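Common to both upcoming complexes is chain A, partnered first by chain B, then by chain C.
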Partner chain A sequence: MADCGNPNVEQDALMQRRKKYDRTRQCVKCHDQLGNVVIRHAVYCKGCFFPTVVGKFRRVLEPSISKDKSKKGLKATGNLCLAFSGGLGSSVLLDLIGSNYFAAEGDAGHDWSRGRGGGTEHPRNEPVWEHATVCYVEVCNAIPGARDRTEEIRQIVSRLASYAKFLPLRLEDAFDHAWWERVGRSKPHGQLFVDLGHQDLLLSIRNTSSSPVAALKAYLASLPTQTAVPTAIHNLIRLLLLHTAQLTNSSHLLLGTSLTSLSISLISSIAQGGGFVVREEAQENWQPDSTSSQKVAVSRPLRDVGMKECAIWAWWRGLEVVGKENYLGGKQGIGALTKGFIIGLERDYPSTVSTIARTCAKLAPKEASDGLCTLCERPVQPGVQDWKERISIRQFDEKAAIARSQPGLIQRLCYACHTTLTSPSSRGGVGQSAIDAVQLPVWVESRVLGSDEMKDVVAEFLLDDED
Partner chain B sequence: MSQDTTISLKVEFGGGLELLFSNKRSHQLTVPATVPKSTEDNATKQADITFLIRYLRDNLLQERQELFMENETVRPGILVLVNDTDWELEGEGEYVLKNGDEVVFISTLHGG
Partner chain C sequence: MPPRTCALCSTSRAMLKRPKTGQQICKECFFTVFETEVHNTITRAKLFKPGDRVAIGASGGKDSTVLAYVMKTLNERYDYGLELFLLSIDEGITGYRDDSLETVKRNQQQYSMPLKILSYDELYGWTMDGIVAQVGRKNNCTFCGVFRRQALDRGASMLSVDHIVTGHNADDIAETVLMNIMRGDIARLGRCTAICTQGEDTIKRSKPFKYAYEKEIVMYAYFKKLDYFSTECIYSPDAYRGHARVFLKDLEAARPSAIIDIIHSGEAFEVREEVKATQKAQQTCKRCGYISSNDLCKACVLLEGLERGMATAGITDRGRKKLDAEGPAPDNLRTIPFYTAGAAPAVSVGPD
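Our next item is the complex of A and B:
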């Protein structure tokens, strides 16, 4: 144990600085070279760093492509959809996918340890995915002062991922019926609105002429807390990506979430009531609807690779990282606070960050889900509304009692989405009538109005265009 | 002799950090070889990375100091490489600068 002296006797007694690495400066893999980088107390030389990262990347990704690795090599059942934000993780993701799965013979970046024996016609040399799409969601209309970076991102993608087609989206597409039709869905009869000021989150249909941008801005402006806005943006991006993956016949949607950002999103999600879906936060299989045979596997192949490894990879590989738009909002939001905490933790106690992800991977809900949340399309905990009613203090409202016959969104939300849309403590000062009804994302319309029974009930509350 | 009193360095910024430094990635610097230990006394020490960080803040940083420094060192989320080696292997801020050293600061937090 390090002796830090007696501060009562020795004025300058200080704890000795602890080394950030175990044992020696030699590389822990080759035991030959002097190390260049410290990754969670282990020292790697530059030559061993690259195969170590590739190994971690493949160990996570390849079991999600195929459980049994045959001699014919990996073959996915569909195409590949890659999410790109411009940030560090997704830039490294595009580079790793390109150099490991789409490299042409002779490419300097290709890892030939996989071999190319058997000739180009050999089944082993077939591409894992036939086509790849890089999908970028432009969020400038959700963030005051943000600029549209679509063209800048298009150019970066053409350099980083020439093997893939670029498909830009906009956050407001979530409120755009034209986009919904483009992803192959039928056009709803009107826009579905929710009254966020009412405790049952009453639903109504309106025929409005407001633009998707106006609907997006109204939706975000109606959210009650600093935490809710970035969470809502994150959810909208997630669903836009999932529906795009379905549109491109992709069996896999890959996200550039590093170990550090996964730990941040796990803690942040649990803090916001998403404990039931903590497994889905790391990996999930999404189905567009119960009748569809198509499933999209959402994977985070960098989930064992920390932010530091990503940054070193990008620097040594000379990758251009343009950065992503910061939508975490105010410093007091749960997302921003969690990020600040985890980044600081990673510097001082790097192993603890991986412990967060490993511990969360062991968690499982006690009971199975009995449906999907209409807003985030993730499993809903059974009986969550009964429980929430028991622990909530409510005021009796005559109008609310009269409105009982009007359908509400509340029974169709998971605990986390319900918390995002309603936060009684902060709403306390705001009069219920002050919050106007806001349009919901198009997939909510589809799920709510998808059943004939619900369509008839909600149609009774068809309101005229107030604009 | 000028070689004894100053050190020539190449300093690079990556991961978006260059935006705080006139949007210029690479800088050639000449810094004193011996610097005051602290502002309170006259004792001196050899120029180290702790000094370089303060020097960059005072001389090159154009805006938003809080995105570069925290508690007299770099902000968490900024990596430092000295001659292509992680500064954690070189004693971090206590690494004594040498003539011709290349020091790289990389942000892992570009944007969001």
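Our next item is the complex of A and C:
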């Protein structure tokens, strides 16, 4: 370091290094060992770190399995579906689930939630879930330059989650009628297309022979902003996982979302108009349709565990993290901006991440929903389109009245999905009139064409095959 | 390339790209949609009734100047039957507020509205210059915000008005939603998107520009050639709010609808009932009679801290404890005059 020779000057010039911890370097849990890691100003030794993380993990997960805290142990009503992306959170999730709920017989040193002792045949030692499936969605056809990593992921899963069956999916399955039939649904009568260039998102049915990959690419390419692409990908992955959870008779779908990722997705969702479903961002119960008795509880058991804790867990446990395709829509996407902002803010205001998650957990929708969004299958807030028209006039009354006479997707979307499909970028985005109609995901076809009322309306406007 | 026609009327030449929708429209259609949207906001929320006396919180800045102009225009066009006043607060910031108040005085002439100016000095015995001299620039916005809110209510009470309208725009509201989530302020998060707020004995306060983009307000002022004061406050803004503002501007650049999308989110959720039950009930300040969640209102705590030379007393818990440890407030402490809503006689207003 350069030195001017005057000790007084140097003393003033050097900033005092901020202490990373609050009081002492002793572990806050055992008060005995020297700490090895600092988590939000609290010091933990390696021995206390693991039970602390496991405690946070189980405190979130177990109430979603059973609210009854009887001594007989936990028993879920169905199987388990684990979402795996290859990223840090989902790698830690597989490890935690394995070591806490599927440990091999004779494994020492862990606490079985389903009880200990009484012999292997004792009802307390029944597994919480009979079967577990690890589900991976390959997104290489949606992200430019991404490679297919299915085989790599298969290898990792066989090492990390030998207790589970591996079930790979592809993002384009969302446009594949064969996949839709595989998940036990009936094949729709045609392919439903939407005109994203029209403000009412006019619908039509066509019998085209484009491949699922081509349909996926066309769908993503027609979206109006960089932000809309990762949001749409995220939504497709979510629905693919939910339908797979239903296929595998799973009562629980677990995601490896950490506290940090949850806070980022909460703010990002709010910035995209998803305030009505802020509760579902953290935890939701999904039902394939109103007649089905099967429900899938979507849970994020790492939602109280920060990204740093996940990284330390993975490091100390020697987990192999392959990483994931993290496409946030470029630097200018809302997802990327939110991530940069929250992580930056966390440096100066260390409690920000947990404050966001805690604040959002105290919120509930202001009014009852009047149905499900056909695209994301989450609750729809009533009167969304009227609200939009009132606060930002896009056309004068006469034109609006003419447009309403044709069937459109607009009335069946939630606010956030409508924004994703229609809200332009500041540079104008894709030329609205230049967009050709694009195929919609198979569950949208099923929901729209499954409704007799809608089918009749759409039928009046059916186009010939070659149109 | 032929000139583009307006996306709304399809006849005139498009002059501007509307920040809120991205549509290319003509000047006249811009005025029409801007004013109609404010009118929709007012009528949908049933903000006023004929004969209401309404004070426009006027700082001389773009938001309040456009608000005064639009309120006057809509009042005449749609026959609201309102009696409009301008109400300004003089925080005592040399080189900033004194200049902006000159603009308000000109607006008074231009819009033929009575004007009332109430100063911090008159009400609290302190100017912001004096406060900054004591507390520095770090927390001065806390003092200014708390004092202004109460000063507006007191000024409105002096004018015997039923309602105060302020120029808070969509950007301000979206920014507040984000900030309240990030700092965990559940009480404010629950009410920050409400268009109209009214405590049990405070004057109704509303935000007709709730859905108006800041950029459109500037555009409106520019095309209408309105006379406004455009300098930012000379004292540094709140650092945390600054972060949120930069973030919001980035979001708006990514997708212009982000501002309105955040407001929609804020309107769609509410604080859960079981959480509401744990929140403090509103009461009146034992010292000045203003609405408060504690025995003393925030303004009285801040003022006591200033008077006793412990300015942090109203800012941090540690400061408050230090003040309490020094013993009770002396009898000769300067305090805020006792507030009785609606009880003050109407005062004559005019150029100061």
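The definition used in the following text is that the second predicted complex is superposed on the first by the 416 of 467 C-alpha atoms of A that agree within 3 Å, B and C clash if a C-alpha of one lies under 4 Å from a C-alpha of the other, contacts with A are read in each partner's own complex, and residues count from 1 in each chain.
Convention: a contact is a pair of C-beta atoms (placed from the backbone, for glycine too) under 8 Å apart; a residue touches a chain by one contact, two chains touch by 3 or more.
If you're wondering where the values come from, they're calculated on a predicted model, not measured in any experiment.
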| item | value |
| --- | --- |
| Which superposed partner A:Arg390 touches (first chain B, second chain C, both, neither) | second |
| Touching partner for A:Ser186 - first (chain B), second (chain C), both, neither | neither |
| First, second, both or neither for A:Val37, with chain B first and chain C second | first |
| Touched partner set for A:Ser211, first chain B, second chain C, both or neither | neither |
| First (chain B), second (chain C), both or neither touched by A:Ser158 | neither |
| Which superposed partner A:Gly273 touches (first chain B, second chain C, both, neither) | second |
| Greater residue coverage of chain A in the superposed arrangement, chain B or chain C | C |
| Contacts of A:Asn285 with chain B and chain C, given as first, second, both or neither | neither |
| Which superposed partner A:Gly323 touches (first chain B, second chain C, both, neither) | first |
| Residues of chain B that touch chain A when the two form their complex | 14-16, 76-77, 79, 81, 84-86, 88-89, 92, 94, 104, 106-112 |
| List of chain A residues in touch with chain B within their complex | 17, 20-21, 25, 35-38, 43, 46, 85-88, 260, 307-308, 310-312, 314-315, 321-328, 343-344, 346-347 |
| Contact footprint of chain C on chain A as seen in their complex | 225-227, 266-267, 269-276, 278, 332-334, 337-338, 341, 345, 349, 352, 355-356, 358-360, 362-366, 381, 387, 390-396, 415-416, 419, 423-426, 428 |
| Residues of chain C touching chain A in the complex | 8-9, 20-23, 33, 36-37, 40-41, 44, 177-178, 180-184, 186, 189, 211, 240, 243, 247, 250-258, 260-262, 264-273, 275 |
